[in-house]
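I have a structure I would like to understand better, so I am pasting it below and will then ask my questions one at a time.
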Amino acid sequence: MIYLTRKEHFNAAHQLYNPDWDIAKNQIVFGKCANKHFHGHNYDLYVTVKGLPDKETGFIMNVKELSQIIKKEVCLLLDHKNLNLDVLELKGVMVSTENLAVFIWQKLLPHIKGCQLHSIKLYETENIYVEYYGE
Amino acid sequence: MIYLTRKEHFNAAHQLYNPDWDIAKNQIVFGKCANKHFHGHNYDLYVTVKGLPDKETGFIMNVKELSQIIKKEVCLLLDHKNLNLDVLELKGVMVSTENLAVFIWQKLLPHIKGCQLHSIKLYETENIYVEYYGE
Amino acid sequence: MIYLTRKEHFNAAHQLYNPDWDIAKNQIVFGKCANKHFHGHNYDLYVTVKGLPDKETGFIMNVKELSQIIKKEVCLLLDHKNLNLDVLELKGVMVSTENLAVFIWQKLLPHIKGCQLHSIKLYETENIYVEYYGE
Amino acid sequence: MIYLTRKEHFNAAHQLYNPDWDIAKNQIVFGKCANKHFHGHNYDLYVTVKGLPDKETGFIMNVKELSQIIKKEVCLLLDHKNLNLDVLELKGVMVSTENLAVFIWQKLLPHIKGCQLHSIKLYETENIYVEYYGE
Amino acid sequence: MIYLTRKEHFNAAHQLYNPDWDIAKNQIVFGKCANKHFHGHNYDLYVTVKGLPDKETGFIMNVKELSQIIKKEVCLLLDHKNLNLDVLELKGVMVSTENLAVFIWQKLLPHIKGCQLHSIKLYETENIYVEYYGE
Amino acid sequence: MIYLTRKEHFNAAHQLYNPDWDIAKNQIVFGKCANKHFHGHNYDLYVTVKGLPDKETGFIMNVKELSQIIKKEVCLLLDHKNLNLDVLELKGVMVSTENLAVFIWQKLLPHIKGCQLHSIKLYETENIYVEYYGE
């Protein structure tokens, strides 16, 4: 079993704010991340697939095809967007890095063929990242 | 003459949109950066001062003091903010990386004492940065 | 299960020297690392916790709280210190990166609540790092 | 169990081209990577070993010895070489990053003593890497 | 005056070999870089332009346009190529990083309009880079 | 004129402490950096030379020779050392990054031949660096 990883990125605005709470509680829990007018990040996304190398190509999966799937299924949806307002499928979801990683897993899973999706690693800043293995 | 640089960072939302133009022209010129609901970045900021080392400390300037000035005068104002909506002094300014670098220079200049402010280097993404030397 | 990682850092002096051996054997085994007057490193520390995201916050654990725990329990103890002379709990311990990672695990374990400590990843230089999973 | 990783690097030329196919099919599958006169990369190689720290040294394995083994068994063979033409043992192998990682594992395995080889992580570019765990 | 930099990259094979010398002298001067069958690198290219920000856009130059010019005039020519064999304009040129930086300057200069080309910074590896300012 | 840069590194312990002051004043000015038993850093050193490329090699200077000079004249002296206690020529010097950069310039200057030493860039941490141009 070999693991192949491709890095892509997207830049987005977001806000952590729970509408069931008042402003004061949001401030206590989320601090600056609750800012009414949003803030933003350069997200770095690492997608890992696993499988056996094909005899004729030496590839688990053509990494250019993997790159195109990530760009089409994830970056097109999230890049230069407001994660709270612009992404229909994230309406009502707290857009924490944790939930975003799970969301990206679900978007990619149906499109990885001939090998298996192994993990999503999502950097919010160079000091914070989340990993999800689908289980 | 010796040059001393300190790196700080801030995360912010912004939008490039010229209100004197219609939506179509904004789309043509700014593309995804004109997104109505904003997008965002992890900005990396390098501030360089220059001078002669003090005999007693070996320092041009105490780098902890430089760090505190940048945090107080710049990061407090811009971090986890919407650059278009939350920063009074940027109202009516196109918040391009170019204009943001000049703005940061102007905020820091009055607070650098005992040596000279030399340059601002501001990364919008790892692939794009701007430098300003005050002239 | 989702994995959340926070990066912190500390700068410290240390020496690798086994007092049960003579100088010659220490030189052979540890080379420059046995230098009598110590040398030092910028250590980068990645702490990973795992759990399920909270429904109300979207968080496994508030990453700011995780950062504060690491700073209080580890960085306060090790940053700008001599690992051989200044840290009582490391007296008599070979302060290899391996042993340091286990030590950091033990310092953090009692303070991670509501989710599980998963791993410690400790960089001694950009070319050398150690991982420990508590087992 | 503790995991210790050492990073080394090598710079090499290569080409992805399947001689059983015609030029057109090679172009479709491998694109620019099939270029007749080769292209090249700065490969970054991370080798991880695992074991228990020695009581007297605090080491799983002396990282300088690990570095020397990687340089002697891998870098000497691959650095500043053409992977398709200069490396006898790779003749007839598609030199994909996947196959290269397996090859490096096989070269290192007989030389890791006193602890176990755990994984090979090989970066072809900063955006593409492969991992292999020997199974 | 503000300076704007865009990073792009290309991967290429090359060889340092002076045909006026015999093999032995090439080996002495260029060492492993003279390898008959070539080796290769991931080149990172930073292009800096300078000028005054436009009142309406806040831009010295639209960084997307700068990116497209670099890709069209430089990367299309050099990416996934053999610098000695595939690039007509480099025939007879020693493809040192120094000469490559000057070549890239000359390719870009006619295409930078509305502001000035300021510098080329070209990384051959993470430990070696060359800068050229056109004079 | 072309500029060529080579990166090297060294790991060292040091302390910022002015013996003309009492402990309290040292604490106020240098904070944790005054720790009695030292602390340490991984220093990254960038050395830049400038000149015209040689017709026969395409080189300003052979970068391998530059690397050897830096290793012999600087790293051998400073790597895995205590900058306060182990380096005779630094006795009585405040080993700030500023003074260390000037010291490195002076050590290298007599050994750069056939081109000119242009600058020293010395990183103490990834967030702090100093540059010196010899004037």
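We just call them A, B, C, D, E and F in the order they show up, numbering each chain from 1.
One rule holds for everything that comes next: a residue touches a chain if its C-beta (ideal position, glycine included) is under 8 Å from a C-beta of that chain, and two chains touch if they have at least 3 such contacts.
Keep in mind the model is a prediction, meaning the values are calculated, not measured.
Engineer: Just tell me the minimum hop count from chain B to chain C, counting one hop per pair of touching chains.
Structural biologist: 2
Engineer: Which contact partners do chain A and chain E have in common?
Structural biologist: B, D
Engineer: When I count C-beta pairs in contact, which pair ends up with more: B-E or C-F?
Structural biologist: The greater number of contacts lies at C-F.
Engineer: Repeat of A-B among E-F, C-D or C-F, where over half of the residue-numbered contact pairs coincide, is which pair?
Structural biologist: The chain pair with the recurring interface is C-F.
Engineer: What's the call on chain E versus chain F, same or different interface residues, using the half cut on shared numbers?
Structural biologist: different
Engineer: Can you check how far apart chain C and chain E are, centre to centre, with Cα atoms defining each centre and the answer in Å?
Structural biologist: Roughly 41 Å separates the two chain centres.
Engineer: Let me have the rounded angstrom distance from the C-alpha centre of chain D over to the C-alpha centre of chain F, please.
Structural biologist: That gives a centre separation of 34 Å.
Engineer: Would you kindly tell me how far, in whole Å, the mean C-alpha position of chain D lies from that of chain A?
Structural biologist: 29
Engineer: Among the residues of chain D, pick out those that touch two or more other chains and give their numbers.
Structural biologist: 126
Engineer: Touch graph of the chains shown: is it line, ring, star, complete or other?
Structural biologist: other
Engineer: Hey, which chains are touching each other here?
Structural biologist: Result of the pairwise touch check is A-B, A-C, A-D, B-E, B-F, C-D, C-F, D-E, E-F.
Engineer: Within the complex, which stretch of chain F touches chain E?
Structural biologist: Touching chain E: residues 1-8, 48, 53, 56-60, 62-64 of chain F.
Engineer: In their shared complex, at which residues does chain C touch chain D?
Structural biologist: Within the complex, chain C touches chain D at residues 16, 18, 20-21, 29-31, 93-99, 101-102, 126-133, 135.
Engineer: If you look only at chain B, which of its residues touch chain A in the complex?
Structural biologist: Residue positions touching the partner: 9, 11-14, 32-33, 35, 37-42, 79-82, 85-86, 125-126.
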